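In the part that follows, the structures are each spelled out as structure tokens.
You will see subunit A twice below: alongside subunit B first, and alongside subunit C after that.
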Partner chain A sequence: MFYRLSGIHHTRYESARALWPVTADRRIILGLLLLALAAPFLLSDLYLTSYMLPWLIWTAAALSLTLLMGIAGQLHFGFAAVMAIGAYTSIHLTRAGVPFELALLGAGLMAALIGCLFGAAALRVKGLYLVMATLAMQYLVEWTIINVPAISGGAQATLSTPDVTFLFVPLQSDGALYYTALLWTVVVTLLIMNIKRSSFGRALVAVRDKDFAASVIGVNPLKYKLLAFFASSFLGGVTGAVLAFCYYQAVTPEQFGFNVSIQLVAMVLVGGLGSVIGAYLGAGFVLLLPIVLTNLLAFVAQFDLIPISFNLLSHIPLMVYGALIIGVILFEPLGLAKIYDNIRKYFLVWPFRHTQS
Partner chain B sequence: MDFQFLIELTINGALTGLMYSLVALGIVLIYKSSGVPNLAQGAMVMLAAYIVWIFAGLLGTPILVAVFMALVGMFLFGMFTERFLLRKMVGQPIIMVVMLTLGLESLLRGIGPGLLGAAPKSLDLGLDMMPIIIGDVFINREYLVGGLIGAAMVGLSLLFFRTRLGTKLRAVSDNHISSWSVGISVERAVAISWGLAGISAVAAGAMWGSVQGVDWTLTALLFPAVAVVILGGLDSIYGVLIAGLIVGILGSVIPGYVDPLVGGGTRDVVTSLIILLTIMFRPHGIFGREDIERV
Partner chain C sequence: MKRLLKGLAGVAGAVALAVGGTASADKEPIKFALLQDFTAVYTFVTSEYNQGQQDYLRLINETGGVEWHPIETIIRDTANEPQRGLEAYNRARREGAVLVDFFSTPVSRAAVNRVLRDEVVMITALHGRGDASHGETFPFVFPMMATYWSQATLLADYIDRHQGGLANKRIALVHIDSPFGREPLPVLQELAQQKGFQLRSFGYPSPGTEQSATWSDVRRYRPDHVIIWGAGGGQQVSVREAIRNGIRPENILSVVWLSETDARNVGGNHMNGVKRFEAVAFGQEPAVIQDILTHVIEPGLGAGPAANVGSSYYNIGVATMAVAVEAARLAIGEFGAPLTGDKLRRGFEMIEGFDARGLMPPVTITATDHQGGGYGRVSQWNGQTWEPLTHWTNAFQDIVWYEIEKDARGFRDGR
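What follows is the complex of A and B.
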């Protein structure tokens, strides 16, 4: 039914290698982009700032992490710390009078430099030990931020972001914040998609699949592991800065705690390791499903049919989130991206059962 | 340098460390038999503490009955977890297994306090609260009992691995396929090790619950326990004991002197540094078996 490949014959390598080789795909992407651009006029302020905006920014974060975990295969359980470094660096730089655009760059570089320290562990160990090492570094970074007043402004302090302009637009109105986040997410998306089809991405995949086999065919695993940590931490740092300026507007160390790291890994995993559309779906699911379910239960609780205490209600997000991770891993280890793919393939030849690809 | 302060910190740290060993023991038992890093052990400790509290605090049964019920409950819980969650994970990459146990952790952390109330509950094991004073050194009595139970549990597991069933478990931990070929049911052995981890979670839950109250913060014991396991070696029972002492003493002595200077929270830093340094210099820990990778 939705067979969109009819009449498409690639005669040159360039057209076969394009980001979206199928015309229908290009139209869908264009439509989605237009919808995203029109969102401030279509959605109410509440939906725009408390659902769309965090969803976009967390998607960018999940994409940065999927570059490391999905494509390069290096497990990272301290990504929130990397984002924290970006957020704090950008705030301190803008407070010192640096323009926001340069501060974003500085945030990325700082996060990338410290992120490479995380990567140093990856040069020595992998798998479970890498998980533990990055987890320990998450605690160290967190502790440093909390206990050095010059960074956090004191143990319990919140650091509010100064007013800045981005590309000559003051970042004050909801619309400006939204478009900044959208721009960054689109940039990261295009970057990851292009990395996946470049020689750099292929080298990362080789390292992921078997690092010593990669070194046999001439891919230096040490170099590419470090590069993966550098690139992913750079993106993560800038995302942290965007998160701080566009969404939180006042940062505390708790916003980048251990749980956030786990949440990021959950987004990547629920969406599907290494998949771009998976990052969008995963971030949306992990972020929104607990909220939706809590609202639903609160709605049911109004009618007093089932007794639901406030205490239970406040723990629902945690349960849903745990059950979601367990469910996805047990029933579809390849994540939501695979489910999406299955549905798409089913409708490709819909009245009939079997497809070729 | 105040020598007596140092002794006090060392002794209480060593006892705390032995109580960490109680939590860590469960992780090692499971890792040894199945190669699964159980990051839900902290949540299992919390669950066990809640079960003990339900019987002892809510229903008012004697503490021994409560502990017995918790032992049965947690043994079954461990077996069920293995049967319905972890068995499907055989052959999956490690990240899936790690995230599954973390998902279980967060599920339990929601269910326990969600259904029973988030406020900390006090668990009275009938121990005397007065510290023991030897010379001029104060020793916390609960920590002493907990430390002794920790050491005893590790000793018991060492003895257990000499029994017939324990020998089977050791065979399974050595190699799954060769164990199958000599007629050992690997599935059952792994399930039993999960049950045993549940039992060690009861001991840990009862002791830690009595020390710091029963609430979700018990799950945070996972972090020092992970340090103990990494330092001692993921598959070594001796390692749990020795590393527990090291982590406990360092985590008590260093904060004792450094905390006043930097304003608190150094214990987590010490724990993190132990994990990091171990992984950088000797990833398989003090007593652990080194993994050899073949192409």
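What follows is the complex of A and C.
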């Protein structure tokens, strides 16, 4: 009903394989894109810089990880380290005088190179053992950054990002930072959607589902596993650089710690493995929900209805947050993306009940 | 909707103030934002520290405020995550906060550029960047207590003066393997050259719950003195492992983060004789703490368990707010209300010889020196309490300032 299918028939393969064959989906996407473009004029600087900006960048990171974990099926518990490599590479390159556009490329390539090195472990091990290999990457990269002052920036271990321009626009104002992040997130989104409908994406899915079966039908698992690590780490590295330049503006090793890796995995899992919209929802859930809960509780607390200590007060959001994660996983193990999908399917045939897929 | 909620919140706040009947509600409030980590890494200190801050501000509000301006606090949990800290900071700034205290090194490092741009005072007592003592480079950042460099030089000076001199000694620095743990290294290396002692550093992996491999290395080195440099749960492990490896408690010296809780956890009288750097006096004797007991704790207005009053970290929290309130008082006296970030900054820079009535060493903050002199003292655990062994003093500030200037220059060049 709402996602009307009547009048949509495909006479050519190209139209059937379009990203959004249903008119209603196209309209929703267009509306969201227009809203995103207008955000600097609609939102106050608080919501623009503290909610929209980090949400977009973390979404790009979750999308990069979902390419590896959801589509190619290779678990990665050290993705924050990949982003750290990108962030530190881009800062050192721009400090050496390289233009920011090239530094982003360099950040991606360096992250992809080192990511592939550890990804090579994936050729021999699977599942939990791969988790261990990528965990090793997390700790090795962190250790290297902390112990090599030339990388971390000396005793204070803080590097400020230099002033740069991106496509002739100085990255200074909130608007410029926001649009750079938006551009990158849109690029990553389109890329992942296109990978999913290309032969590359299908090969990754084949490797994910059974690598020796993939090998039997002529997909080289070695090549595609490495390619998945390369592509995902490249995107992760650039995202790390965007995070450093557009959001933090100063990088320290703690910003890319193990807990950040876990948050990224949580974003991908809560959102829905391999789903693009899931990355958006998952990043919003993991990143913004604790903030919203904290502020909500602080708002309620100022009425002094129940006398509770601040210590307890600050732990209540954690309890609620934990309960919500368990709730989402119990209610819909396939993640927030599947919940949206269920709603969409319900309205697809509304007022009738049964859907086909 | 947002505006409506805000309006409601404002009305509620006004009602609460009227009903609470604080003595000082007749002028516009000064807002301090205490956006700290209550749930993640700094939990070993935050609850007591924040309780001390709240109790002191309550005491000020109960006794007339700052020139009759009450102080309002904005308290939020940041879970030690920079993105949550920055969100809370942006929100507090919009609500008119003139001072922020993150009490978290990662968050305050991420916020440095923003507070400098927004002209909001950020206090970084015993955390954050040590080079922020350089007032010209970091006009809105105030470490206001001894930096880690000053703590290291003071401990070395204590060994030099009271434990048989530094020359030809072997000193082991056993530290958590993080930027914080490595921070004292450059000043100690410089001192080792000047004073002719051997220095070796031993790192243990974060979070420091397992250190046995490191300490067998330390034992083989046969150090005369051991300086332990960690925070939280790792500290009691360090003390226990040191004693197990035959190092006498008298020869163990610690960074400021060693408290009576650690002594209890080490157990018995095993920690007797261990020394620590102390930035703020311990216990309930100081006059300010006595005032808090009479005006805040006894009427039942305390922000937390009364047993915490006078603990090491509680008193540090009181001291930070005592300095901040003194700065606000000076700023309003000199430049008048309403208080802005810039006026408060200049208030801080007018503080001279302020010791919060014996709670802390006399602090003098100037436009160039935001550390306040780097004073502290060495105290020793005697089974019951921390017994001060020296007067308030500072040491080797020339070496400390060489480091401060070097890093501050790096910060300026990096921009």
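We adopt the following convention: the second predicted complex is superposed on the first by the 337 of 357 C-alpha atoms of A that agree within 3 Å, B and C clash if a C-alpha of one lies under 4 Å from a C-alpha of the other, contacts with A are read in each partner's own complex, and residues count from 1 in each chain.
Here is the rule we go by: a residue touches a chain if its C-beta (ideal position, glycine included) is under 8 Å from a C-beta of that chain, and two chains touch if they have at least 3 such contacts.
This structure is a prediction, so every number in the text was calculated from the model and none was measured.
Chemist: Does subunit B (first) or subunit C (second) touch A:Asn311, or do both, or does neither?
Modeler: Once the two structures are laid over each other on A, A:Asn311 reaches both partners.
Chemist: Please indicate which partner A:Ala266 is in contact with in the superposed arrangement: first for subunit B, second for subunit C, both, or neither.
Modeler: First partner only, subunit B.
Chemist: Quick check for you: in the superposed arrangement, does A:Ile146 touch first (subunit B), second (subunit C), both or neither?
Modeler: Touch partners of A:Ile146: subunit B and subunit C.
Chemist: So in the superposed three-chain picture, is A:Gln249 touching just subunit B, just subunit C, both, or none of them (first/second/both/neither)?
Modeler: After superposing on A, A:Gln249 lies in contact with subunit C but is clear of subunit B.
Chemist: Considering only touches as defined above, state whether A:Pro54 meets subunit B (first), subunit C (second), both or neither.
Modeler: A:Pro54: touches subunit C, not subunit B.
Chemist: Contact-wise, after the overlay, does A:Val131 reach subunit B, subunit C, both or neither (first, second, both, neither)?
Modeler: A:Val131 sits against subunit B, while subunit C stays out of touch.
Chemist: Touching A:Gly175, do we find subunit B (first), subunit C (second), both, or neither?
Modeler: neither
Chemist: Which parts of subunit A are in contact with subunit B and also with subunit C?
Modeler: 143, 146-147, 155, 311, 314-315, 317-318
Chemist: With touch defined as at the start, can you tell me which subunit C residues reach subunit A in the complex?
Modeler: Within the complex, subunit C touches subunit A at residues 5, 9, 12-13, 16, 38-39, 47, 50, 54, 75-77, 79, 82-84, 86-88, 90-91, 94, 105-106, 109-110, 112-114, 129-131, 177-179, 182-183, 185-186, 303-304, 403, 407, 410-411, 414-415.
Chemist: Taking the complex as given, what residues does subunit A use to touch subunit B?
Modeler: Checking each residue of subunit A against subunit B gives 69, 75, 121, 124-125, 127-129, 131-133, 135-137, 139-140, 143, 146-147, 155, 210, 212-213, 262, 265-266, 269, 273, 311-312, 314-326, 329-330, 333.
Chemist: Can you list the subunit B residues touching subunit A in their complex?
Modeler: Interface residues on the subunit B side: 37, 85, 88-89, 92, 94-96, 98-100, 102-111, 113-115, 117-118, 223, 226, 230, 234, 262-265, 268-269, 271-273, 275-276, 279-280, 283, 293, 295.
Chemist: Which residues, counting only subunit A, touch subunit C once they are in their complex?
Modeler: Against subunit C, subunit A makes touches at 44-46, 49-51, 54, 95, 143, 146-147, 152-160, 162-163, 247-250, 252-255, 287, 290-291, 294-295, 298-299, 302-304, 309-311, 314-315, 317-318.
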